Amino acid sequence: MAPVGADLPPPDRGSAPEAQYILTLSCANRPGIVAAVSTYLFESRCNILDANQYDDRETGRFFMRVVVNPVGEGVALDALKEGFAALAGRFAMEWSLRSRFERRRVLLLASKSDHCLADLVYRWRIGEIPMDIAGIVSNHSRETYAHLDLDGIPFHHLPVTRQTKMEQEARIWQIVQESRAELVVLARYMQVLSDGLAAKLAGRCINIHHSFLPGFKGAKPYHQAFERGVKLIGATAHYVTSDLDEGPIIEQDVERVSHHATPEDLVRKGRDIERRVLARAIAWHLEDRVLMNGKRTVVFAD
Amino acid sequence: MAPVGADLPPPDRGSAPEAQYILTLSCANRPGIVAAVSTYLFESRCNILDANQYDDRETGRFFMRVVVNPVGEGVALDALKEGFAALAGRFAMEWSLRSRFERRRVLLLASKSDHCLADLVYRWRIGEIPMDIAGIVSNHSRETYAHLDLDGIPFHHLPVTRQTKMEQEARIWQIVQESRAELVVLARYMQVLSDGLAAKLAGRCINIHHSFLPGFKGAKPYHQAFERGVKLIGATAHYVTSDLDEGPIIEQDVERVSHHATPEDLVRKGRDIERRVLARAIAWHLEDRVLMNGKRTVVFAD
Amino acid sequence: MAPVGADLPPPDRGSAPEAQYILTLSCANRPGIVAAVSTYLFESRCNILDANQYDDRETGRFFMRVVVNPVGEGVALDALKEGFAALAGRFAMEWSLRSRFERRRVLLLASKSDHCLADLVYRWRIGEIPMDIAGIVSNHSRETYAHLDLDGIPFHHLPVTRQTKMEQEARIWQIVQESRAELVVLARYMQVLSDGLAAKLAGRCINIHHSFLPGFKGAKPYHQAFERGVKLIGATAHYVTSDLDEGPIIEQDVERVSHHATPEDLVRKGRDIERRVLARAIAWHLEDRVLMNGKRTVVFAD
Amino acid sequence: MAPVGADLPPPDRGSAPEAQYILTLSCANRPGIVAAVSTYLFESRCNILDANQYDDRETGRFFMRVVVNPVGEGVALDALKEGFAALAGRFAMEWSLRSRFERRRVLLLASKSDHCLADLVYRWRIGEIPMDIAGIVSNHSRETYAHLDLDGIPFHHLPVTRQTKMEQEARIWQIVQESRAELVVLARYMQVLSDGLAAKLAGRCINIHHSFLPGFKGAKPYHQAFERGVKLIGATAHYVTSDLDEGPIIEQDVERVSHHATPEDLVRKGRDIERRVLARAIAWHLEDRVLMNGKRTVVFAD
C-alpha cells in the first residue's frame, strides 16, 4: 500500500539525506563562547548550517543553538559529544548535542475533546512532526476515539476520580518510563497534574491552555472570555509547572471574534487556534528550538 | 458506543431546539425593501434573530440575510415561501428561504494531499460543519486515504488522464446529480475543471487555492512565493468559474514566513492556512452567509 | 493655502453629498421591532443604506443600527425624531437619531508620551476621523508638545499632584461642559480618574490601555508582559468605569514579539498598536457603531 | 525646552551606554566561517551580544550579522575593520562593519499624501528610528505640509512634469550626494524613478507600495483590490530596482477588510499598514538587519 502523503515534501523521518546534529547550550555570558564553540565544531569537521545566539542582558545568560552537518567522513556523534563535554565544563554550560533525525518519543494525554489529539496524530502520520508517538493516555475509553486510526499506537485507558488520582498518576509515570517518552503532551487533557508529577516532568511536559494567558486562567476560559467581552481569543502552549497556568510560555496565537459569538462559538473557533499553537510548540521543542530562561523561554523559531 | 465529541457544545445537527429559517435576497435597491420584508415576517409570526443588510452604492444592488424563528405555532416553511414569492416578485428579488437545521449535501473532491479532506471529515464528524457528506471523489484510490475512517461515506475512485478527462468529468457530474449534492468542494483537488463543468456548478463549487490571490495563480504557488521572497503566505477560498483562479473570493488568510523558509516549509505552513480558510468558506456558504455580487462576494461573516 | 490631504478621498467633514441619519436603539427583544422601525422609516421617506441587528439571546436584549438617507424632499431630522419617539416609547427603547455628518466635539487628555495625541491630531487634520477637537488637556505643559501644530485647538495645562487631584478633576469637568465635549478620550493620559468623574463620563470616555486586557492590568503593563514572557503584546480601548481597566472593551489588537524584545522594545512596538486601536475605537464610537450591552459592547464594525 | 518624549525609554541616539559595532557579511558557504569570524572578534576583545547566521542551501550562500561590544579598552573601529579586511578577503566576503550608534543620513521623498512622511518625522523626533533626516524632497510645495514641523530639516520643492523628469532626477541625485544621504526613502512618492536613478540607488532606496505584492502592481492598487474583492489588503516595503514593483521585498503586512469597504475605505485602512510596514523596513535597514540575497532579502528581524 502506498503511504499516505507519499507525494508530499519528503518528511524528516527516515529519509535524511545526510547526518545533522543539533547543539544547544546556555551559560553565563562571557567573551569567547562563540569562538570556542565554532572553532571546536570546525576542527571537528562540522559545517554550520544554521545558528542562533541570544544574550539576555538582564540576567547575563547566553543561549545558543547550532545545526551542523559533518563534512566528509565527519565525526561520530559520540566522539563529538565527548570532546564537547570538556569545552562545556570550562564555561559551565547546560548543553545538549544530538542527531537531528533521531526521532524522539512522545506520550500524548487526552480527554474527551479530541481535536488536538486527532490533529497531532495526523501531523505525525504525514511526517510533519518528526516524532514517535510512544503512546496515548486518556481518562476516557478507546471507544471515545473510535473514528481515529491509531495505527498501532499503544492506548492506555486510565479513568480517574478524586480518590484514584494519585494511583492514576503513578500509572502515567510508569508508562512514561516504560515507553521511554522524552516528551509528554497534554493535548487538552482536562486533569490538573499533581505537583509531584509536574516536577518529575519539568521541562518536558507541554500543555495547551485555551486562552491567551495570563488572561483567563483556570477552568472554562472561553466562558470567561465571553463574560469579559474580549475582541480576540487565543491559546497558549506552555511548559507545565506546579504553578497552574503559570509555566513558561512557548507559543501563543489569537483570532478576532465579535459580539455575535456565543461561548460555544468561542469554543469552536478556539479549536483551530489550539491545534496550531500546540503543534508549533511541540515541533519547536522537538527541534531543540526552545530553551528555558527562568520563567520565560527563548524560542529560536523557524 | 458514545459518539466522539459527546461533551462538546451541542452541534447544530439534529438537536435543534426550535425551528429557524434563513432568508437571503438581493435586488435593485429602492426604498421600502426592509419594511416590506420585515412586515411580512412579522405578520407571518416570525421573530428576527439576526439580520444583515448591505447596499452596494456603486452598483445599486441591495443584499439581505435574515434569520428568524417562528413564534408560537409559527408558520410552515412551505407556506412562508409561498407568501414570500409574491413579495419577491414585486421587487424582482433573487432569494432563498430554507430551514436552518436542514443539513445540505456536499460532495468532496480530493487528490493525493489529504489535509483538507481529513480536516473536513473531522469537522463534519464532531458536528462543527453542519452538512451531510454526499460522497468523496478522488483521482487516487481509496488506499491513498487508508488511515481515514470514512464512516460509510461513498468513495468514488475516478482516475483521470488527459485522454479520459471528459469522461471522468461526466462521471463526476453524474455523481453530483445522483448524490443530490448541493455543494461541491475542491479540497485540494489538483485537476482543473473544464469550462463546461465549471458552468454547471456555478455558485455552488468552492475551491481552495494555496496562495493569497491574485498573487501566484496557477501551479506551484508556494514555489512562486518562495522565488518572489514574500514575507507572508496565504490561501484563498473562492467559487470556481471558468476563469482559473479568478472566481469570486469568499475568504483569505495569511501567515508570516521568514527567509529561513524553504518551499517545503511554505507547503507545510500553508496546510494550516488552507484547512481553516476552506472550512470557514464552506461553513459560511452552508449558513447562507455568502451572496454573489458580480465578481465579488458579500459575506455576512459570523 | 491648499489644505493638507486635498487629494485624499473626500473626508466626511463638510462635503457631504446628501443628508444621512444614523439611528441606534436597544430594547428587550420581541417580534415586530424591525418591522415597526423599517416601516416607520419607509413611511418617513427614508431609504436604508446600511443596517445591523443583533439579538443577544442570553439577555434577551435587541440592538440595532440603521443608516438612512431621506429620499426626495425627505423629512427634517427633528420631525423624524419626534415621530420616532412614540414608536420608541412603545418598545421601551434606548435610542439615538442624529445626522451622520454633524461632527461631534471631542476632548483629548494626554500626558508626556504623545504618540496617541499626535496620531489623533493627524487623523483629524486629514479628515479621517470626523470630529471637532474641543480641546486638549494635559498634566504637562504646552512645550511638551512643542513640535505639534495644534492649529488653534485650545490647550489646557492642568498639572496634578496627589493633593490637587480633586481640584484638577473639577477643572477638567468644567472644561468638558464649557467646550460642550460629547466624548472624552484618554490618549495615554497617565492619571486614574476618580470614581466621581468616571461616573459623570459614563459611556462617553474612552481609554487606551497598553495591554491585551484582562492580562496586565494596572501600571507598567509592558514590563509585566516582559516578566511573563508572552509571545504577543496588545492594546485595549475601553470605556472608562470606576473599576480600573475593567470597563467594556471596544477594540483590541496584538503583535507578535520574541524573546529578543526588552521591555523598552515592547513599549516601542506597543505604540503602533495603541495608536491604531484607539483610533478605531474613537471612529466607531463617533459613527454610533458601539452600543453598550451591560459590561460588554456590541460593535457594528465597518 | 524639554524634548518631546523625554520620559520615553532612552532612544539610541546620543545616549549610548557603550560602544557597539555591527558586522554583516555574506559569502559562499564553506566550513570555518563562523569559527574564523568569532575567533577574530574574540581575539580583538569584542564580546558577541547578538548574532544570526543563515545558510541558503539552494544557492550555497552564507549570511551573518553580529553585534559586539568591545570589552575593557576594546579596540578602535578602524583597527577592527583593517584586521577584518584580511579575513574577509580570504573568504571573498561582502561585508560591512560600523558603529551601531552612528546615525545614518536618510533622504525622504514624498508627494501629496503625507501620512508616511509625517509618521517618519514623528518616529525620528522621539528617537524611535535612529537616523538623521538629510532632507525632504517633494514634487509639491512646502505649504502642502504646512502643519508639519520640519524642525530645520532641509526641504526641497522639485516639481516635475513629463518634460522635466530627467532634470528633476538629476537634481535629486545632486541632493543625495550633497546631503551625504546613505538611504533614500520613497515615502509615498508618486513618481516612478528612471532606470538610471534606480541603478544609482541600488540597495539603498526603499519604497512603500500600497498593496500586498505581487498582487496589484502599478497604479491605484486599492482600487484594483476592490475590483478583485480580496478579503485582506496589504502593503509592501521593498528595495527599488529598475523593474517596477519587483524589487526585493523587505516587509509586508495586511489587514482584514469586508465587502462593506469602498475603495476609499481601503485607502484609509491602508494608510495604517503603509506607515508601520515602511517604518519597520527603514529601521531594519538602518540596523543592518537586511541583507540582499539575489532577488530576495535575508531579514534578521528584531
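Letters A, B, C and D name the chains as they come in the text, with residue numbers starting at 1 for each one.
Rule of thumb we're sticking to: a contact is a pair of C-beta atoms (placed from the backbone, for glycine too) under 8 Å apart; a residue touches a chain by one contact, two chains touch by 3 or more.
Being a predicted model, the structure only gives us computed values, none of them experimental.
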Using the contact definition stated above, find the chains touching both chain A and chain B.
-> C, D
Of all the other chains, whose mean CA position lies farthest from chain C?
-> A
Is it true that over half of the residue numbers where chain B touches chain C are used by both copies, so same, or is it different?
-> same
Separation of chain C from chain D, taking each centre as the mean of its C-alpha atoms, in whole Å = 35
Indicate the whole-number Å distance between the mean C-alpha point of chain A and the mean C-alpha point of chain C.
-> 42
For chain D, residues contacting two or more additional chains | 50, 54, 57, 258, 260
Spell out the part of chain C that touches chain D in their complex, as residue ranges.
-> 1-2, 4-10, 50, 112-115, 118, 122, 125-126, 128, 143-149, 151, 258, 260-261, 263-265, 267-268, 271-272, 276, 279, 302
What residues of chain D sit close enough to touch chain B in their complex?
-> 54, 57-58, 212-216, 227-232, 234, 248-254, 258-260, 262, 293, 295-299, 301
Chain B partner contacts - residues on chain C that touch it in the complex | 29-35, 38-39, 41-43, 45-55, 57, 71, 256
